[in-house]
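Next come the structures, one after another.
The same subunit A turns up in both complexes below, where it pairs with subunit B and then with subunit C.
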Partner chain A sequence: MKARVYVTLKPGVLDPQGKAIRKALTSLGFDGVEGVRQGKLIELELAETDPARARAAVKAMCEKLLANTVIETYAIEIDGQDAQGV
Partner chain B sequence: MKARVYVTLKPGVLDPQGKAIRKALTSLGFDGVEGVRQGKLIELELAETDPARARAAVKAMCEKLLANTVIETYAIEIDGQDAQGV
Partner chain C sequence: MKAAVIVFPGSNCDRDVQVALARAMRARGGGAPIMVWHKEVDFAPVDLIVLPGGFSYGDYLRCGAMAAHSPVMKEVVRRARRGVPVLGICNGFQILTEAGLLPGALIRNANLKFICKDVYLRVETFQSLFTCAYTAGQTIRIPVAHHDGNYVAAEDQLARMEERGQIAFRYCTAEGVLAPEANPNGSMGNIAGVFNETKTVLGMMPHPERLADAMLGGRDGAALFDGLVEALS
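Showing the complex of A and B:
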């Protein structure tokens, strides 16, 4: 079973990487880019076949390793189901 | 208008970061993780209001800057519309 985790910075947390991308886009001639935030996308291939148990396992992985919950928030998508944030 | 870009490594391209995450998950006691791939998630805030033109602009940004199309592939999602890959 496949799972996708989207890890993004919480609103208000500075994102220098996003700022750099925005600056680079502007210097390449892309106008009208008002903001850029960079996050992480983590794709997991799990042995678990039950969606509910897979989601619970991935949530635990996010809390323990994949996301820094002080400054980041995450959303989990299990095999095409809608992403659910926290 | 908001756009999200998902940049992932093409199949077959080695992903040492994903491998490291998998190893860390296993050492934390998460069994049954068969594979991990790490990608990037880029959220853009655009002045453009027409979805088709916004998508075309973001596609050009991906080709020029956001993705390394030799080893990476990307998918673009415009304001809640389904992601469309290349």
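Showing the complex of A and C:
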């Protein structure tokens, strides 16, 4: 079973890379980009076949390692199901 | 007094800090710090643990994130929770925040650049094991060399830290003024180093071991090691 984890900076945490990307887009002529936030996508291949158990396991992985919950938030997607944030 | 320097794959300031600390320890009749590889699950009892600068595990995932879960860190965290002093410099500071031993986090420098230069720091307190050889308000010159040294913490967390005197060092001008232009990386409150609640753990982005010998151009960093060794001997 496949899982996807989207890790993003919490609202309010400055994202210097996002700001730089926005500036670059504007200088390339893409007008109207009012904000850019950069994050990470982590794909996991799991032996687990039960979606609920898989989600619980991935949540534990996020809390322990995949995200730094001081500054980041995460959303989990299990085998094409909609991403669920925390 | 005994000390240990933890060595991770990618640590690159482990020898420097060992030399700076050994000099202070030998001046008081001690030996040199032992070096402990990240795979060790236990090591000899010591009075001080140092997490050196570098790029542990290639900065994969987040700076310090992998190192914070390495085998040796379980033991470091256990000892830190019992009160054994821990000093984290640069990547060591990042590891301490990732391991939950220090509040806040270190994100990408506001200007997105790797910054390698001498900066001035204002010593916020002399009332700690780490800063006892300085005076409060003293301005010292110490180099920084990092890409992710932008200190952030939640507003309420930061307020509590200020109240408890958990800020160790702040970036300032040569005259000791806390100006925005003296802040190299965008850190909240010009913060360069913080303590845990009991002031037994210090994390700092600048490298005191790099200016701990006159031959290197300055000795402002030596007082940190001298003070530590004196306090712990």
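Observations on the structure shown:
In this section, the second predicted complex is superposed on the first by the 86 of 86 C-alpha atoms of A that agree within 3 Å, B and C clash if a C-alpha of one lies under 4 Å from a C-alpha of the other, contacts with A are read in each partner's own complex, and residues count from 1 in each chain.
Convention: a contact is a pair of C-beta atoms (placed from the backbone, for glycine too) under 8 Å apart; a residue touches a chain by one contact, two chains touch by 3 or more.
No experiment lies behind these values; they were computed from the predicted model shown.
In the overlay built on the shared chain, the residue A:Pro51 is in contact with neither subunit B nor subunit C. Contact comparison for subunit A: of subunit B and subunit C, B touches the greater number of residues. Contacts of A:Asn68 after superposition on the shared chain: subunit C is touched, whereas subunit B is not.
Once the two complexes are laid over each other on the shared chain, residue contacts for A:Ala60 go to subunit B alone; subunit C is not touched. Legend: residue contacts after superposition of the two complexes on their common chain; A:Ala20 is shown touching subunit C, with no touch to subunit B.
Contact with subunit B, but none with subunit C, is seen for A:Tyr6 once the two complexes are overlaid on the shared chain.
In the superposition on chain A, contact is made by A:Glu34 with subunit B only, not with subunit C. Residues common to the contacts of subunit A with subunit B and with subunit C across the two structures: 64-66. Taken together, the subunit A residues at the contact with subunit C in this complex read 9, 13-14, 16-17, 20, 64-66, 68, 70-71.
The touching residues of subunit C, when paired with subunit A in their complex, are 61-62, 65, 69, 97-98, 103-105, 107-112, 150, 152-154, 186. In the complex of the two chains, the subunit B residues touching subunit A come out as 6-8, 18, 21, 24-25, 28, 30-48, 57, 60-61, 64-66.
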